[in-house]
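The structure under discussion is supplied below as structure tokens; questions concerning it will follow.
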Amino acid sequence: MSALNRLQITWRAAQDITDGQVVNLGIGLPVHCSDYLRPEVDVTLQSENGVIGVGPLAEKDKADTDLVDAGSRRITLRPGASIVDSSWSFAMIRGGHIDVTILGAFEVAQNGDLANWDMRVPNRGPLVGGAMDLAACAREVRVIMEHVTRKGAPRLLERCALPLTAVKCVSRVYTDLAVVDVTPQGFVVREMVAIGREELQARTGAPLTFAPDCKPLTAPPIEVAD
Amino acid sequence: MPIDKRVEFARALDGVGDGATVFITGFGGAGFPNKLIRALRDKGPKNLTLVVNSATHRYSLTHELIANDQVRKVICTAARGHDKEPSAFETRWMAGKIELEMVPQGSFTERIRAGGAGIPAFYTPVGFGTELTKGKEVRRFGDRDYVMEEAIIGDLALVRADIADRTGNLVFNYAQMNFGPVMATAAKLAVAEVRTVSDDLLPRERIQLPGVYVDRVVAV
Amino acid sequence: MSALNRLQITWRAAQDITDGQVVNLGIGLPVHCSDYLRPEVDVTLQSENGVIGVGPLAEKDKADTDLVDAGSRRITLRPGASIVDSSWSFAMIRGGHIDVTILGAFEVAQNGDLANWDMRVPNRGPLVGGAMDLAACAREVRVIMEHVTRKGAPRLLERCALPLTAVKCVSRVYTDLAVVDVTPQGFVVREMVAIGREELQARTGAPLTFAPDCKPLTAPPIEVAD
Amino acid sequence: MPIDKRVEFARALDGVGDGATVFITGFGGAGFPNKLIRALRDKGPKNLTLVVNSATHRYSLTHELIANDQVRKVICTAARGHDKEPSAFETRWMAGKIELEMVPQGSFTERIRAGGAGIPAFYTPVGFGTELTKGKEVRRFGDRDYVMEEAIIGDLALVRADIADRTGNLVFNYAQMNFGPVMATAAKLAVAEVRTVSDDLLPRERIQLPGVYVDRVVAV
């Protein structure tokens, strides 16, 4: 079996970003998508803290402690970038001005429900940030996650068990095993690694349909430094 | 008398008392008014309600107010500690000693904007169908369901900015802006902590928050 | 009788503006208040089109056609002035950040109701502009108007006959004959010209009370160029 | 491909058709996109709904669209002519040929902001108890009565600005800004008419409206 590693999942998600889009990449794994955009693609990366036009990470000696993204990473600005306050930033998100958001997730349901903000970790305070805004209001919500939990339980489900982030919002899920679309008919597999349909279904908590043109899921080798 | 909002640091929080609702700026590592937060701790008012993006951000001194048991309630979007040990907030929250109102960030900022903009309530699609909006009014417009969110108004805003002038006009450094503008508009008393106060009045092209919204300015 | 002329009314209204206030002066007569502020007073003049810190009118050869106030007058900016967009400007007004507004009016009722936007002129379209926002939301609403109409009918009334701008909003009225406060007990005359209380009452459409320290209403001579 | 929103003037309004809801900027004599207004007249779509501060401002060419009988309805804050003779708007309005929705200016701009900000409705104290809010929902919050106002969303925004860059970033000249930002956010297609297009991308300190909101830029 040739499951994708975490960065290969972001690579695959990055390939679907098209020219001219306004994109918000979630904190954590999704921000790495910006490293793998197709070369001909010019996108505007928005961050919830108001940066419109996020550039690469800053070099240490050139970083400004106030030039950060929502994940507190010290960044640079692309030419033409601007910075707005929080009310403008979320007006942009809530108003449907983000073409695509790519978010991490714990669970996705076959109707598109998303659970990505609260794992119910005992003794830890909750953290929602801008997740609900992005999930409810971006024009397209795509998810990056491992196909199953560390314990092997499926994350693609008939119904989410964890608290929801937003209802019926996810359109596509990228996992280490497959690219799965959320459709009115439920989960449709567009691409998958070579584990066999039955095995993929066994690792999924809801019925899968396979697209007539279902393709192999591949990605170039990318090393994950942990 | 020419308008002059500069005050000595020692008087920056004059008049702030127990039970105040306090806005604190800062997000993503930028814009924390840490000098004023510490001044608020040293002043010592109790039973505060903090309205702050995160109760636990590493770079913010918000946790000092919480550890000092001055805080009755936190309205925020993030309250998770970073270390293995529970944070000052989490310890008190689990013990039922501090109340938590967790709000999606866009609703958080829009509720504050509404407070400063004379809007008592608005509808948003964010949070519909989630436990963060349980008990809130749901209403359908067109083909979508929305929840009603109410404005937040505060007694005090602690705002970090880069440059001020004596009339309270503010310039922010990069992403330092975040909640500064909305929090200043929604507070009865807005105090700005800045790197420097310009001798000249700021030119209009640079002003990111009009001085009308700022009551006191301290250089730190 | 020594009734005030129109500019003298604005002079009188200007004397009540105090140091440090944020003030919006209505289009028409009220904007002239800025000519008569007490010399020691430093105020911030806001205009509905987003100018915060309106200065004197521009000299013709220095005027910029885009530097205007809500009344389309070509203005200058005071040092420290800024310009915001319409949504910020009205958030400022609606949010109670205007300490005082001085407005023209057709009628004021004894409960503070204001009618100043629609005279019901036949064959003319209506015009409300920002009048309702200012009347409903400024911390203090003061009115400048002639005590009676051209036909001699009173403008201070038990109830407005014309369409309302806002309910229970006016706190003080400056007329050519008197300075009248709106109180829970109705109209209270604070200052009046020497026409006698009965005559003033006769020209008023609601009961007047006279303040115990009711003073003469006077103003320096100001010529009105028509 | 590098983002490039510059278009030839002749193509500025491509795709605009009958029945469109059209925002037009301008207030107080500043910020009228008169070249685009005339282009819209020349293009000739009918049954338009105009959302414009004034239907009758002397310096705006809005009246040409009305005189050309392209307009079904006007949502505005001012509709009074300046001359003895009734204006193009007033003639048609009195004859019942054009519909008028008059809105207090703060509610007008906030409804447009709401449209661009994903807020379907909000409450405001403005207009309560007046004939302009007749039939609108009234609701009490605290000790005051408010009316509910609904968002306005448009198909097209005609925006006047001073300088643009190829990514659509805009700078306004003084009070030219007025309705530009909110109208651009609330329209499916936002077209900016500018004095000049900068060869370089604008520096962040000067940008007053991020290019994200602007679809087409024409220098006039």
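Letters A, B, C and D mark the chains as written, and numbering starts fresh at 1 in each.
Keep in mind that, in the parts below, a contact is a pair of C-beta atoms (placed from the backbone, for glycine too) under 8 Å apart; a residue touches a chain by one contact, two chains touch by 3 or more.
This one's a predicted model, so the numbers in the text were calculated from it and none came from an experiment.
Asker: Once the contact rule is applied, which chains count as partners of both chain A and chain D?
Answerer: B
Asker: Looking at the contacts, which chains touch chain B and chain C alike?
Answerer: D
Asker: Would you identify the chain whose Cα-based centre sits farthest away from the centre of chain A?
Answerer: Between chain A and every other chain, the largest centroid distance is to C.
Asker: Would you kindly tell me how far, in whole Å, the mean C-alpha position of chain D lies from that of chain B?
Answerer: Distance between chain centres: 33 Å.
Asker: Centroid of chain A to centroid of chain B, CA atoms only: how many Å?
Answerer: Comparing mean C-alpha positions, chain B is 29 Å from chain A.
Asker: Between chain A and chain C, what distance separates the C-alpha centroids? Give it in angstrom.
Answerer: 56
Asker: Touching two or more other chains, which residues of chain C qualify?
Answerer: 83-84, 90-91, 93-94, 137
Asker: Would you please write down the residue numbers of chain D that are in contact with two or more other chains?
Answerer: 110, 113, 117-119, 124-125 - these are the residues of chain D that touch more than one other chain.
Asker: Should the pattern of chain-chain touching be classed as line, ring, star, complete or other?
Answerer: Other.
Asker: Report the complete set of touching chain pairs.
Answerer: Contacting pairs: A-B, A-D, B-C, B-D, C-D.
Asker: If you look only at chain C, which of its residues touch chain D in the complex?
Answerer: Within the complex, chain C touches chain D at residues 47-51, 64-72, 74, 83-87, 89-91, 93-94, 123-133, 136-137, 163-167.
Asker: Using the touch definition from the top, list the residues of chain B that touch chain A in their complex.
Answerer: Touching chain A from chain B are residues 27-31, 55-56, 59, 77-81, 86-87, 89-90, 93-94, 100, 102-107, 109-110, 112-113, 124-132, 162, 172-182, 208.
Asker: Chain D touches which residues of chain B in the complex?
Answerer: Touch residues, chain B against chain D: 110, 114, 117-125, 141-142, 144, 146, 150, 205-206.
Asker: Would you pull the chain B residues touching chain C in the complex into a rising list?
Answerer: 1-3, 113, 115-119, 165, 167, 169, 185-186, 201-202, 204, 207, 210-213
Asker: Touching residues of chain C toward chain B in the complex: what are they?
Answerer: Going through chain C, the ones touching chain B are 19-20, 22, 40, 42, 44, 46, 52, 77, 79-84, 90-97, 137.
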